[in-house]
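Next come the structures, one after another.
Below, chain A partners chain B and then partners chain C, in two separate complexes.
Up next is the complex of A and B:
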């Protein structure tokens, strides 16, 4: 399947929380678990206040730090989304530590985050949050379609919101959630340039090196054992003959 | 059936053996459940958090074995720490001859005391790794949620490197045990006098030549302790 993406248009979000509930009910989440949160952000100086509803949910980074650190492969990428194989999660919580958006949680010793509705999309249906949104703030489609739609919406918003912009086109290798922002990301509490923590040297370097060194030492010892054993027995015999 | 007298030398007291096997058992549980996190073929162990529980139970045992050692046999612990960090000129000579020792020869080496230079380095690195792996492990265990990415990275790096050091030391440990028939030291507590003479001549000379330090056993072809290969040759 092509690389998919979601559109979240903050200029249309009413903060009604319908997506939160639809997701929770549709995905049959456990008590205490929610994959979508809506946070109200207010800025400006009274009485000149402005506000927006900012989603706090997995943005499905293309270069996902959580996938890089997951030791068991429970987190993985498919079709532009970051999926979760919950049966493989060990609950180590590394993803919680490294996510630049602080999205994953541990619930009952297991990761809890949006695992996408890829199953529904593959059947030609829409994700629970998208189908329930009464404001047309959410969409799901191929990433090209979503980006084009986002650009069109930003262009249409420029009169009302001069600082309107797209978020997610380039961040973290390109997010699987493209957002239409009415204001700069920093204003809305989103990092303009989120960084992958410097994990490459650990996962990509130290761990394979450790395993390699261990395997090499075992192999060397295994081969040397036969030589050493023979020579040791020989020396033992010699020392006995010598002693007698 | 022909019998022969074999002299055995007490090397490890019961408390030392108990501590050794408890520590070894905990270590292997920790190693396997830890490898489940970095070696994909073992990752099924980590699914559902089974390996995490085992890792923590074993970690507590692993952490407490030095305390147990102090309680059961304080002299043994004190000697271990002292000998591991005391090096002499003979140790340097011994280390120069290490390649030959690695390949099964001892005759070219200077006589050694209770533990040889290789064992000293092995013990010293084990003691140091004990602290680095325990410290980083406790940070990962108790500090989860407040480490941040950099803290997590640092703790995991220390933990991984310590693991690699300990695992490679263990490979060497097992290797030399079986090359030089040293296993009885940690099972019955006794090594053959032949082993003691070849590997630890100064130590052998320093201990009282009487029971329970040195015992004589009438051995037949098979014995629980494992008859030295030399016995088999003589019988033929």
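Up next is the complex of A and C:
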């Protein structure tokens, strides 16, 4: 499949959170688990106020820090989205640490984040959030289509929102979620230039080191086990002798 | 119910006892819990069975497709063929599955064993519970007359318990919250002005409108699916938006102008806008001449109400008032001031709604593209039955149009709600049926059947309601969830949810007239029963078999459908929805055919009917009482994930928005030494206190008012998630001002102060 993307038009979002529940329902998420959240952002002073609803969800970075640090391969890229093989997740939480948007969480010892609705898209349907959005703020399609749509929408919004702009075209190597913003990203609580964490340290240093540490600890606990077991057997023999 | 599959596995042994307990909740609940955990990929299409429904998570009634896998409902989606949902649903609709499998649901008929109000019940068989209930109702009817029993009904099953069984029984005292606690002033004002009601679906021609003025209308927080769709698209098409609201609402976030009006002064603003339109000659002269009567008297009437007059009253600058009026005129007739919902604010609400309608009329938009279209309802025959001993008077927001009713029909028992004395006209108002339970005036109401109405979260003056409940001889409650008022019932009957039952057809008054089907997706959870079945069983036991001659609900529905050449099967083949062409615009009406069936056959700007009844025939502004020093006016509204007092226990909705907060202007909060997240109690002018609630200090509200999301603060319920969470606005609404025309209960006349929790 071509590289896909989603569009989220913040100028249209009414903050109703239908997407939040549709996702929870469709993906049968655990209690307390949500892949989509909506944050209300209001700025200015009474009565000169402005506001918007900002999604807090996986933006499916092309250069996804979470994928790069995942030690088990549970997080991986496909067709522009960042997918999750939940069975492979060890719950180490590295992805939680490195995400520049603080999106992944651990729920019941396992990563929790939007794993996309690629299963539905592959059979010609829309993701749960997209198909229910009453405001028509969401779309899903090829990344080119979505970028073109976003550009058209921003152009149409310039009168109403002079600072309207696209978000996600370049950030993190290009996001899989392209947003139409009515105001600059910083105003909406989004990093204008999210930084890729020093991955070299993770990939090149910490990860092998931690693997080494893991092996070392396995080795030591193995030795400890043998010692403990020998002692235990000795004690058992002794107590049996005493018992007789 | 915080258990997850993972925890089960991890702590399996320790949880064995709990597991046994859970098994008693039945297989569906277990299945629900077991499958929690990201479902990826989704079910294969051949695993999924689809049934049709219309949503009951609020009263908007969006068409739904219900997806069932192995006897378990796994998902609901909007029905693409449905004119309301158009394939989409709001968050509440999406959470219907969690409602169906809410472990707190009522599962057995209950019969009271101890004091009322103490939840002292024993479980009973359906046979016993129905026999006893019918016996008690029959005794009251035979001893005191059928009018001695009041019937309160809400949500879609209210057809059976509001519009059918009580009328067969012979009681005119049928109350729906949708009247006196919501829409009555709007419907009465529309009847007086246009000769037709607005109806359940506001007829705004969003598609073609270019300029929208919302007055206290919370689109987005009031998450009516269709309205959100239309509103968002209208804005995307470039329509201009003005929002008049003391609070910076979701809609205000989208507005070109936000006018933070002083609460209670809306009519002054509407009059000033009319003044500008008329004195500057900006109104639609041709439309006024062709379709209306009484314009000259209005022109005379509004002369003193200049923007300069309104500015100090409304606290909106005169120049802004003038500019908005000119902008409205520049866009006419593609301009609309939607009538809104829940219009019971200050007790002068029929007059305010009349002012709003007349403003629309001056812009020539009624029956025109981009204004207010003319809705139409399909005409289906009822299932044949003998005439009812009383006439339909309950109204309700689902009603196609609520007629102006002359209080008493000769030969029928009169209504007890004070129509004709306390207020002039309109459908039965639910809150005025409480008083006769206590005082016996105009005659005693001794029994109550309450279906789906939370008495403590909908009817103002809770102490009075409790007093009434203590005095009633018999209370029967039918519900899905253990809401707090059930504690006061003598008998409780557990109903199946809308996903588990057939129901009356949804006959929609709409731009596109249509009907929609509700059919069960799964069997009702044992031991619950559908509303139609409960009503029929009660009816048969009450000697009303002539009204229930059908042997099955399918036969009932098929017979009704036959009158329009349909059947259940054909309705299913059509996709669960069947539509007819509408007549939305004036041009759809031929010569000599008026869309405005008033006495004059025209839109009545000046109302002879009001003049004759001794009311102002043209709208006037009356000042409302100000909050005393140290007090704020209590405003309330909606959250997009909650409906009334009904959804706070929904496992998914409660997770995302578990409790309300009290919105306080940030500077006003600082002056009180309060900050975001502080716990406070709210105490009203009568000394009634809410439970603890967190402060939301925000610039999004005026300094003279505080705001609560409605429906929280359940106390005394058996709702495990909702109980004790947040503050109840209705508890603090101990007083209201009755609208003397329509009987609407103006509830924004309560004041609260904030007491810091230590």
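Note that the second predicted complex is superposed on the first by the 201 of 244 C-alpha atoms of A that agree within 3 Å, B and C clash if a C-alpha of one lies under 4 Å from a C-alpha of the other, contacts with A are read in each partner's own complex, and residues count from 1 in each chain.
Note that in this section a contact is a pair of C-beta atoms (placed from the backbone, for glycine too) under 8 Å apart; a residue touches a chain by one contact, two chains touch by 3 or more.
Computed from a predicted structure; not experimentally measured.
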- Query: For A:109, is the partner it touches chain B (first), chain C (second), both, or none of the two (neither)?
  - Reply: both
- Message: Contact-wise, after the overlay, does A:29 reach chain B, chain C, both or neither (first, second, both, neither)?
- Response: second
- Query: So, A:50: does it touch chain B (first), chain C (second), both, or neither?
  - Reply: second
- Message: Which partner chains sit in contact with A:225 here, chain B, chain C, both or neither? Use first/second/both/neither.
- Response: first
- Check whether A:166 is in contact with chain B, with chain C, with both or with neither, and answer first, second, both or neither. neither
- Between chain B (first) and chain C (second), which does A:73 come into contact with in this model arrangement: first, second, both, or neither? first
- Item | Common interface residues of chain A - those touching chain B in one complex and chain C in the other | 109-110
- Query: Which bits of chain A are touching chain C when the two form their complex?
  - Reply: 11-12, 14-22, 24-34, 42, 44-47, 49-53, 84, 86, 108-110, 112, 115, 117, 119-120, 123, 131-137, 156, 160
- Message: Quick check on the complex: what are the chain A residues that touch chain B?
- Response: 65, 71-74, 87-94, 96-98, 109-110, 197-199, 202, 206-207, 209-211, 213-214, 217-218, 221, 224-225, 227-240
- Query: Which of the residues in chain B end up touching chain A in this complex?
  - Reply: 35-40, 43-44, 46-49, 51-52, 102-107, 144-145, 147-153, 156-157, 160-161, 163-164, 167-168, 171-172, 174-175, 178-180, 194, 197-198, 228-230, 233
- Item | Of chain C, residues touching chain A in the complex | 1-7, 35-42, 45, 74-78, 87-95, 97-98, 219-220, 223, 225, 228-229, 231-233, 235-236, 238, 248, 250, 252-254, 256, 258, 260, 640-641, 651-653, 655-656, 665-667, 698-700, 702
